[in-house]
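A, B, C, D, E and F are the chain letters, set down in written order, and residue numbers restart from 1 in every chain.
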Amino acid sequence: MDLMAEKEPILSSFLYASILAHDCLEQALAFVLANRLQNPTLLATQLMDIFSNVMMHDRDIQRSIRLDVQAFIDRDPSCLSYSSALLYLKGYHSLQSYRVAHALWKQGRNVLALALQSRISEVFGVDIHPAAKIGDGILLDHGTGVVIGETAVVGNRVSLMHGVTLGGTGKETGDRHPKVGDLALLGACVTVLGNIKIGEGAMIAAGSLVLKHVPPHSMVAGTPAQVIGSIDEQDPSLTMNHDATKEFFKHLAVSFRDGRSK
Amino acid sequence: MDLMAEKEPILSSFLYASILAHDCLEQALAFVLANRLQNPTLLATQLMDIFSNVMMHDRDIQRSIRLDVQAFIDRDPSCLSYSSALLYLKGYHSLQSYRVAHALWKQGRNVLALALQSRISEVFGVDIHPAAKIGDGILLDHGTGVVIGETAVVGNRVSLMHGVTLGGTGKETGDRHPKVGDLALLGACVTVLGNIKIGEGAMIAAGSLVLKHVPPHSMVAGTPAQVIGSIDEQDPSLTMNHDATKEFFKHLAVSFRDGRSK
Amino acid sequence: MDLMAEKEPILSSFLYASILAHDCLEQALAFVLANRLQNPTLLATQLMDIFSNVMMHDRDIQRSIRLDVQAFIDRDPSCLSYSSALLYLKGYHSLQSYRVAHALWKQGRNVLALALQSRISEVFGVDIHPAAKIGDGILLDHGTGVVIGETAVVGNRVSLMHGVTLGGTGKETGDRHPKVGDLALLGACVTVLGNIKIGEGAMIAAGSLVLKHVPPHSMVAGTPAQVIGSIDEQDPSLTMNHDATKEFFKHLAVSFRDGRSK
Amino acid sequence: MDLMAEKEPILSSFLYASILAHDCLEQALAFVLANRLQNPTLLATQLMDIFSNVMMHDRDIQRSIRLDVQAFIDRDPSCLSYSSALLYLKGYHSLQSYRVAHALWKQGRNVLALALQSRISEVFGVDIHPAAKIGDGILLDHGTGVVIGETAVVGNRVSLMHGVTLGGTGKETGDRHPKVGDLALLGACVTVLGNIKIGEGAMIAAGSLVLKHVPPHSMVAGTPAQVIGSIDEQDPSLTMNHDATKEFFKHLAVSFRDGRSK
Amino acid sequence: MDLMAEKEPILSSFLYASILAHDCLEQALAFVLANRLQNPTLLATQLMDIFSNVMMHDRDIQRSIRLDVQAFIDRDPSCLSYSSALLYLKGYHSLQSYRVAHALWKQGRNVLALALQSRISEVFGVDIHPAAKIGDGILLDHGTGVVIGETAVVGNRVSLMHGVTLGGTGKETGDRHPKVGDLALLGACVTVLGNIKIGEGAMIAAGSLVLKHVPPHSMVAGTPAQVIGSIDEQDPSLTMNHDATKEFFKHLAVSFRDGRSK
Amino acid sequence: MDLMAEKEPILSSFLYASILAHDCLEQALAFVLANRLQNPTLLATQLMDIFSNVMMHDRDIQRSIRLDVQAFIDRDPSCLSYSSALLYLKGYHSLQSYRVAHALWKQGRNVLALALQSRISEVFGVDIHPAAKIGDGILLDHGTGVVIGETAVVGNRVSLMHGVTLGGTGKETGDRHPKVGDLALLGACVTVLGNIKIGEGAMIAAGSLVLKHVPPHSMVAGTPAQVIGSIDEQDPSLTMNHDATKEFFKHLAVSFRDGRSK
């Protein structure tokens, strides 16, 4: 941090004010988020109060914001330092802002939680209902276009690329959104619809449309998505081989052809 | 509203200023949109003047903003009240802002209309050309990533999920964008390209790429999209069963397999 | 410009201040971008200094911003004038802002470059790593949802629709993103993953997921994308026939069926 | 106005938005004042609503804002046009803002009236208690440093230079501030203290400290102020000869010497 | 407070955020001052951090902000409640902001202290050097135009009207500003120049120019000021009879005439 | 500067952006003033353009801003460095802003010049008509409450304390304001009215009201001001003994008594 500040004087005060001036990660994060989310009807000082109060008293959030920042360091190769995640990553910011909105929702402060959801969606392009439940150690990469519905549940150590939708179906209220197991990996622009299960450690290829349960440790792809293989490794969300090694591509190609020529 | 204000004092002034302080929906909406869309080159007070002037004198918009808010109440199960749509839903806000830009376009104030389009795209991530024609009773859910081109036409009571594109093709000017019939339902991340017709009451599955006409009351899916069935109910956009009941999924799976093994 | 200002007095000062008051395109663009990207931790005056300094001294950028604006005029039929691209097109703005961030990155000012990337992603919904290399004469249409990774390379005269991803795979650092040849055309919501080549003059249909090399002058489509034909014309990115003439659609349908029934 | 706008394009939009875009003086003034007085806890849009509502329904204010602007035109030789008073004169702006605060005070909205007083004092350096009563046709020149207390009364067609204090004495509540008669002229930095009368058409020389009643049509000067002559003309506030013609100065000098050598 | 909030919904959120949302006076004051003093180069969130840190750890300031607010309640008849002083009185705000600047100066943070002085002078029109020493229980009424120099010392329970100057003389550095004793009362626009003593319980009439020591419990007036009587009451600053009872005026008139005719 | 930045990280970016990032004093000053004077209708970026253009092309201003900053260093003992004058002194800022307004006035851009005057008066409490002529090497200390009229002329190396008025008289247009000679010193709250001459090297005691010509190298005091002695030193504005050494006070006292008992 000191090095960063020295090397870029234009930003040194912001770096200082954001990080070095605060005793703990919670205060630093409250400062950064308050300044990103402020608008004329939500003062930065009010937001800093709200974020700081929630984060200083909620053990769960304190653990989550640490495990999440570690997830970015471990799995996003262009994220080179804790401070760059804290200061600049939209995915990380939108996730932690949601966590505060979720805590407020649980306290019964629904109006404020919805106001935050609305503002997070405007600023980051990430629309997570404050009632959704999301575990720890999440990588929410880039973030733009992510939509997560009211009754969705996401387990621990999951990786979600940009453009992922965990959407409902129909206009009934009630439990209507996906449940994503631990360690699953959802590629860019994956759409999962309805109260279905994505099994633990499953990998959903980018651009897939998932409309039925996905078995644990399986690979799925396509629109609609179909099982195209299984995952040897335990945790696709951590290796982030979500995409396109040659092997995987061949696998995909074969699976598709075979699946369809039956 | 009074209850909301009582329960969340941090927001009570905003709730009051937005809604209770105004005599009519038009003024309330002008207030909310002006504060969301303002930036250093478009003052909130100027925007409030512009929005208010258009909305107080245009009967069509007055009807649309009422039918649209009803569409959110009827079809979005997480939208619990008129005031929450009015205050917080990005889809609703971007749609009404477009309606003002469209009215200005029709008055020949093209420069201002394009400035608004630009700002709406920046703030909401929704890019609707002010010359596009969109009917009443529209649900524009979440909104992020929606792109609607200059010569597109959307009928009444249509539902458009986030990420929908009604795009052109080629670089000629002229009528080059889709025409969507009444009561159609376009799922998340659907891309429709070219001057083609989406028939009345058609349902396009999430993630589809539509490149040719879609018959009325048909279900289509896939990239490129193909007809996979017909809709018994009259109005998929209202039931919002756009996605993934078990039945629908089976249907999809079978249609695909059959369609391809021919 | 003078006509625009005369016809829309509400915007005339902005039009004047943006364009007529400046001696050169660089200053005008620095003014416009500084006002769009400013926030409480990046003053408009600082940004104007930074953008102006980079653009006044970097011949490459001076050429790029001219060739890019020409690309919008030539290929986007709803872009009617140079000034409207300069003032209002989010795709053009995000591309030129990236160009400045890239120049700063090359000067070793990585912290500032990443701060800009973060802000560009927030304001425009366009997330381009400042280390990525992008040629001249680029059309980045609409922009929302575009993600371009650290080691991606994009040639000259390429057209990129909204929602395009040039993403990495796995969590290793190193050269891991796509290389897009000159004159290629990537349709809306195309996802390309891994260190693969998109050949010169190739056309990727909207919504495709590309996981392996694409030959020059070929048409590809689908998830995963497959070759469905070849391009007679030399430069799909310029004709922008990316989508859905009837011929193209038949082509697609046949290719798919044939490809799969083999 | 049109000429002004043509000659200074940087300001033309502001001139347009302030004046030409509005149907009546009240709306124009509400627009200008809202933009000058706004801060993070008083939105410009809220202020425009408040000012507009008061001014559109209060006949007294409608008359005052017209007679006051005429006073500036008639008596301030550097005020060359109605629009320059309306757009730029701090004295005029602080006076009209007080008028709105006074109307709110009479409606029983004391908290809002005091909030406005506080903001007017911050922005303009003019501190007028909203309960004070001030007549029509007032010239409040420059304004900086003016303080007018809770029970002060100012008649019609009075001229008040900058730095004038109409202050109380002691800490009792009740009627404790000066009463200034019609057509009086109070020079720069005049201090009047206590519930005393400044007679109709009196002239108080700059820098005087007034602690007792001043007869109508008399000239007073000094600290404490003493009567140094009488006014032939009926209306010093209109001729604005408040200061320093040679005659006046001789008069002053003689009066002082005589008065003191008695 | 609750009553105020109920009666004025436009301000209720500000009232809530300022006062009810905070556990202690220090936090509430930090919130209010941060929002008044913020500008593009001093973020509200930074200021809130700075003010809060100083005020939560400095016992002297904690005592001063309580004794000062009491001084407004006791001596300013138009100040009706603690909350109105806290929320709206410019004199109180500028005094407490100075107290923070003074604490920072004592900590050796001179640059930040001077930056605050500059901003306080801009926002409130009150220019107090952060090195000046000011006691407790101070009434700084209205505030506009007050200037207090680097080596000035002000005792406890002093009342200072607007426009008071405690200025230096000459261009030498060193101890060159006035020392004001406890319980003194300085009327509006009093100028005191040089390293001279204003005795305990002295009363300086409005508009006086004081250039030599003033004995304790004496009344002085005029330019230059001369002793015109003595004060029976122990504490003119508390009774605030600073001005213009008939008795006082006669006293003044007689003293002047006598003093000058000798 | 570097030391300041190191010692106060909260301000280091502002210090850097203001001073170190710019090649010349003109650019640095344009940056600082633009950020202080900006408001919703005068963008910081527009102001920076305007200030920078004027200052980079006007030799007179380039000399003035250097001689003025030297005046602060030489004559204001609490001004410890060039950078603190440049960054924080309201008197210096208002003076340089006036210089730009004056240059614009001479170019015939009267509307913009008056807009600047209005904004300078609001932000700094200093109201200088852009047509007034002010020489070089001016100390404008503190600034609050200064008013300088349209036809006023101020010579070189003059010192003006806060609250100084150079006002007109009567309502005729034409040459009606004071002419102040080189090297004169006007104390705090001095009021000079009418087209009269303040002779070279004259000294006006604080709080004086000046209504007739003042001979060169004389001392004047009182309301109305009378000559009370002569100045041995050549340049009172430079020694700044404007006030209250014991000698001066005795002088004053004797002069007054004598003058009046004659």
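Points to keep in mind about this one:
The rule is simple: contacts are C-beta pairs under 8 Å (C-beta built on N, C-alpha and C of every residue); 3 or more make two chains touch, one makes a residue touch a chain.
In UniProt terms the chains read A, B, C, D, E, F = serine O-acetyltransferase.
Bear in mind that the values here come from a model prediction, so they are computed numbers and not experimental data.
Using the contact threshold fixed earlier, the set of chains in contact with both chain A and chain C is B, D, E, F. Listed candidates were B-F, C-D or A-B; the one reproducing the A-C interface, defined as more than half of contact pairs identical by residue number, is A-B.
A separation of 52 Å divides the Cα centre of chain C from that of chain F. Per-chain CA centroids place chain E at a distance of 25 Å from chain F.
If you average the CA atoms of chain A and of chain F, the two centres end up 57 Å from each other. If you average the CA atoms of chain A and of chain D, the two centres end up 58 Å from each other. In chain D, the positions touching at least two other chains are 10-11, 14, 17, 21, 35, 40-41, 43-44, 46, 125, 144-145, 163, 189, 207-208, 223, 260-261. With chains as nodes and touching pairs as edges, the resulting graph is complete, every pair of chains being joined.
Within the complex formed with chain E, the chain C residues making contact are 40-41, 43.
For chain D in complex with chain E, the touching residues are 39-41, 46, 50, 109, 111-112, 114-115, 117-118, 121-122, 125, 127, 129, 144-145, 147, 149-150, 163, 165, 167-174, 176, 189, 191, 193-194, 196, 207-209, 211-212, 223-224, 226, 260-262.
Contact residues on chain A toward chain C in their complex (touch as defined above): 4, 7-8, 10-11, 14-15, 35-36, 38, 44, 74-78, 84, 87-90, 123-125, 142, 144-145, 161-163, 187-189, 205-208, 221-223, 238-246, 248-249, 252-253, 256-257, 260-261. Interface residues of chain C facing chain D in the complex, by the touch rule stated above, are 5, 9-14, 16-17, 20-21. Partner chain F is touched in their complex by these residues of chain C: 17, 21-22, 31, 34-35, 43-46, 48-49.
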